[in-house]
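Input: structures, listed below.
The following pair of complexes shares a single chain, chain A, combined with chain B in the former and chain C in the latter.
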Partner chain A sequence: MQAAPNRGDAVKYAFIWPAFLIVLVVTLFPLIYALTVSFQAVRVVPPLPPRFVGFENYETILSSARFWGSMWTTTIIVVVSVVFQYVLGFALALALHHNVRGADLYRVTFLLPMFLAPVCVALIARMIFHPYLGPVNDALDAMGFDYVPFLTEAWLAIGVLIVVETWQWTPFVMLLMLAGLQSLPEEVFEAARVDNVPAWRRFVDITFPMLLPLSVAVIFIRLIEGFKVIDTVFVLTGGGPGTATETLTLFAYNEGFKKFNLGLTSALSFTFLIVVIVSGTVYLLLAQRLLRRYA
Partner chain B sequence: MAEQGWKRIGVGLTLVWFFICVFPLYFVFVTAFKPPIAVSQGPTYIPFVDFQPTLQAFRDAFSGLRGDFYGPIVSSLSISFVATVLSVFLGTMAAYALVRFEFRVKLLAGIAFAVVSIGGFVLLEGVLAMSVPTALGIVLVASLVVSMAANRLPLPGPALGNRDITFWFVSQRIFPPIVAAFALFLLYAELGRAGLPLLDTFAGMVLAYIAFGLPFAVWLMRDFLEAVPIEVEEAALVDDIGRMRIFFQIVLPMARPGLIATSMVVLAFIWNEFLFALLLTSGQWQTLPILLAGQNSSRGDEWWAIAVATLVTIIPMIIVATILGRMMRSGLLSGSIK
Partner chain C sequence: MSHIRFAQVTKAFGEVTVIPPLDLAIEQGEFMVLVGPSGCGKTTTLRMLAGLEAVTSGTIAIAGRDVTHARPGERDCAMVFQNYALYPHMSVRDNIAYAMRVHGVDRATIDRKVADAAELLGLTGFLDRKPKNLSGGQRQRVAIGRALVRDPQAFLFDEPLSNLDAKLRVEMRTEIKLLQRRLGTTTVYVTHDQVEAMTMADRVVVMNGGIIEQAADPITLYEQPANRFVANFIGSPAMNFLDATIDGGSVHLGDQTLELAPQDETRLGNRGAVTFGIRPEHMRHSAHQAELTFRPDVIEPLGAHTLLIGHLNGAALIAQVDPRFPVSVGENCTVPVDMTQAHFFDPQTGARL
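== the complex of A and B ==
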């Protein structure tokens, strides 16, 4: 903070208050309302006056197999796809950093997927993975394999969702890792090169440890963002077959907007919030340990 | 020798990934020009060889033959444009305050805020049976007054500084959006019953999206504004030019590349946003992602129609990605990772 500390300047409030108020009114205050609703039984059709039920909604959720199922599905999709995103994104960033020919063209193309609406990506994936009319099965057929029912078989559908998430978000990892690579001091690598340290040793001993804090942050962002996934699933499988690919957000949406069970949905979104906060904290604690060992 | 090997792996990897990135886009692009028969008889790839391209799908879509197409385009354009401008503007102001001034909020004052707001709401709405909007309004004012007064008292305990306030803004992104979106839906519904329609309106969507974009705007603009040299501003202060004028006439022009980049990022997020639009609109102000999601179930295998709608949604974002890609080359974004 290079700012001169002029604490008395009242104009600073004029700068920060509008943004502060909007977040307060649009994000935090509705949360307070939803928090109280989560302890009530509310029926919309037919309308019944809200009734305080304590932790009943939360108990219903925790004993619901569908909740744990969607939790498990979300975790698998997010963890596996983030591993792929990180490995691929880092590898691509390294390749671009070392000036593969045509890097300029690649840069824009590689960025593209993360700017497309997930709904569009899911619609395209639906075409690509269509059992009879899609190019993937066309290619498999040409290689002599049978048609694969990608979207109607539980594990395959989860696999497709992982592929789609990886396709869309590897660019994000690549972008940040590339920026990290460009900010590393050139001298260290020069010295290592003079000493004839082989390329993979340079990576393992210098590049990777130096980028570890950034890696921790990038993976954290992707995990948090990944947990929110709904649009891709909504379009690609609708949660099916059955509820095999239902993610947490989709589950909450289905409860709230198909059954109009407002109390339960509020409780569900707060359970979701607690899950995110707890797992985020655990991740950061583990990451801190890892960083300390390397530092 | 080994260096050569790695180089080759790099070239191979980028080529493969290039194909993986481009092929789906190519496929949807050509599909938009396909006649139905080129879709229903298995995949076709090369126009003029595999099939005879036609503009029929575009004509169908834009003639409104298959449902309103202009409506969602207009809503998407107007909502995301207005929301992006406002959110980047307000975010930049907040970021400027966080970079140039020092804020101290006592932790106890913050806790007082939480206690008064939650406790007050439960009391007013639950016990005194007030309507939700009235109760929230009263609680908002009361808790702000209490916590601001508390902040002036010589309270013990730690104080939160600028970093914490920035984190508070950014932490809105950690919330699963279903929590915020669903809560906002409930509140909008209540306000609608009280005579202020916000569900499925332009104002309601823009308001939601300003809050949605603010975390990005504050976070990115803080880094860009930190890079703006303070000397010019100090000189202007000596000349007794007001802060507001300094901000509008000196800081904003100097931060222009940052403003453009931030606007592009925020625009992309708002343009592509699905969940808020799904919950808060029902017809008139439906945005393109919602139209697209509906296409899937209503159109089935009419890929040419889906491809046209997809292309219309994608093209603005291709422009955005190109602009950002150019900026990235000039090293603009490398500063914002810290």
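== the complex of A and C ==
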């Protein structure tokens, strides 16, 4: 009788183990190590022996106004800038898709911001919005307005951060939405044109729903990426004035590399991870309900 | 007055002219099929009528109104596309109702029209399905339903059956034809399939290289093709073409002589070189019969009849004979030729003599 594949054959483990070991070493080990650290009091300066403290680090974080402040700041920056990125990116993609004159040139120029290092972008933005030396205030001055303290006033600084994030990441959204637009079947739109459906209805009823799955994915990527924002904030405002523009990652950085409070920093990282996972899941659940109506 | 009229319409893509001046008149209620090989300009012609391609020069009129520069939506045509072009995120019901909804038709009318169309096309059980959950034939029926609820001036079909399997194609062919008869809507139908063209059309336009080779009813196309291209394109298997000379009331094919039918003899006289055309199915007994001897290389029994495929004087030759015709591969055989069905073409211009 022809035997079924031998389930006891030990050689199959030889094929599984290398991959499993690599995953274990590169991904799981650091993660688990960080998790254990988050339950300990670890200080590098002054060096103290690690001490198990249970959930103390997490309690400290959750009861810290600075944490909730950074959470709020991050959420505002991310949500508002992603909304702008999506709307502007989609609009630009539509414009390029419909073959504006010189679309090729625009396509390249529009992508440039995405290729720049966020640190450079932040440095340039810092110059542009400088209270006394920046061209924005020069222009306001020339028009007879007062100087605006863009980077030293909490709400203005957050506004500038939103502008910089939007400027840098709109091209990413545009690129993906343009690819999505170009993958849509042309005949569907021709059918709508022949049926005398006006352009705006074609967008609302056909283009937008057909690109909804892509939109959900693009926004998801931008939200996750956005939550990790640190370089721009670090260079542009350093989290100031005070901690008014401090984002979660910058908060973690300050705790870890300025106070060398590694236990608390690990706990903060995990709190951050939980925040991202929870908000990501909520977003996807909501998106799923929306998609089920269309797809 | 004709319902749709192309007057001196041309189309050029950059330097390349794909449609030289084209004139075509389609009558009210007529089922007109544009047929031709790939790249013959039939789809471009249809898309110009729909307004999806701009006309380079000339005018197009629908129901007496010049629509040359009108937007597609202003022309009141309904189009069915090769890939169905259904809205993938809408149910069958929404697909059919969408255009009416956009134009503010009241709910009761929409519901009635959708129900009627679904009934007519056998889609009643599928109204709440999405296109991806339908078969190819059902999708095409939805596309047709979407067109017919609009009560347009004209239906435009762009190779609607080419994505369907052979059996379904034959069924849909009949359905579309019946539907058009019932509705009496002027229809322009593009296909590369001559069988589809012949079976469905009131009138067939055979196109080649942007030029109309012949526009006529199917039987005229078959019996009196205007030229060698039409003769070759219409009919399956295709007509045989052999170099011949006409002299003294007979056709000379190499060393074989076939006597002309009396009406051809008076019409043609002594011609010298011609192209002799005979359809495989006309190699049969008749009152004015000649005989042709050739050597078949392949024998294809199809049941109802048998095809003998071989060569004569270097040209391919196919004969359609009775299944019990005595023949074997590689041996000369003599088949009858019905000379009343013979065609003669000018070897230079290809025009029928």
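Simple rule for what comes next: the second predicted complex is superposed on the first by the 268 of 295 C-alpha atoms of A that agree within 3 Å, B and C clash if a C-alpha of one lies under 4 Å from a C-alpha of the other, contacts with A are read in each partner's own complex, and residues count from 1 in each chain.
Here, contacts are C-beta pairs under 8 Å (C-beta built on N, C-alpha and C of every residue); 3 or more make two chains touch, one makes a residue touch a chain.
Just so it is clear, the model here is predicted, and its values are computed rather than measured.
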item: First (chain B), second (chain C), both or neither touched by A:Ile277; value: first
item: Which of chain B and chain C A:Val188 touches, first, second, both or neither; value: second
item: First (chain B), second (chain C), both or neither touched by A:Pro18; value: first
item: Which of chain B and chain C A:Arg66 touches, first, second, both or neither; value: neither
item: More chain A residues in contact [chain B versus chain C]; value: B
item: First, second, both or neither for A:Phe52, with chain B first and chain C second; value: first
item: Touching partner for A:Lys259 - first (chain B), second (chain C), both, neither; value: neither
item: Touching partner for A:Pro198 - first (chain B), second (chain C), both, neither; value: both
item: First, second, both or neither for A:Asp138, with chain B first and chain C second; value: first
item: Doubly contacted chain A residues - partners chain C and chain B; value: 198
item: Contact set on chain A toward chain C in their complex; value: 185, 187-188, 190-198, 201, 205-206, 209-210, 212, 294-295
item: Interface residues, chain A side, partner chain B - complex; value: 1-7, 9, 11-16, 18-20, 22-27, 29-37, 52, 88, 91-92, 94-96, 98, 100-102, 104, 106-113, 115-121, 123-128, 130, 132-135, 138, 167, 170, 175-176, 179-180, 182-183, 198-200, 214, 224-225, 227-228, 230-231, 234-235, 248-249, 252-253, 256-257, 262, 265-266, 269-270, 272-273, 276-277, 280
item: Contact footprint of chain A on chain C as seen in their complex; value: 50-52, 71-75, 77-79, 81-83, 85-89, 98-99, 102-103, 143, 146, 150, 156
item: In the complex, chain B residues that touch chain A; value: 2-3, 6-7, 10-11, 13-14, 17-18, 20-25, 27-28, 31, 39-40, 42-43, 45, 90-91, 93-94, 96-104, 117-118, 121-122, 125-126, 132, 136, 139-140, 162, 165, 169, 172-180, 182-187, 190, 207-208, 210-211, 214, 218, 226, 230, 234, 242-244, 247, 268, 271-272, 274-275, 278-279, 288-289, 292-293, 295-296, 301, 303, 306-307, 310, 313-314, 317-318, 320-322, 324-326, 328-329, 331, 333-334, 336-337
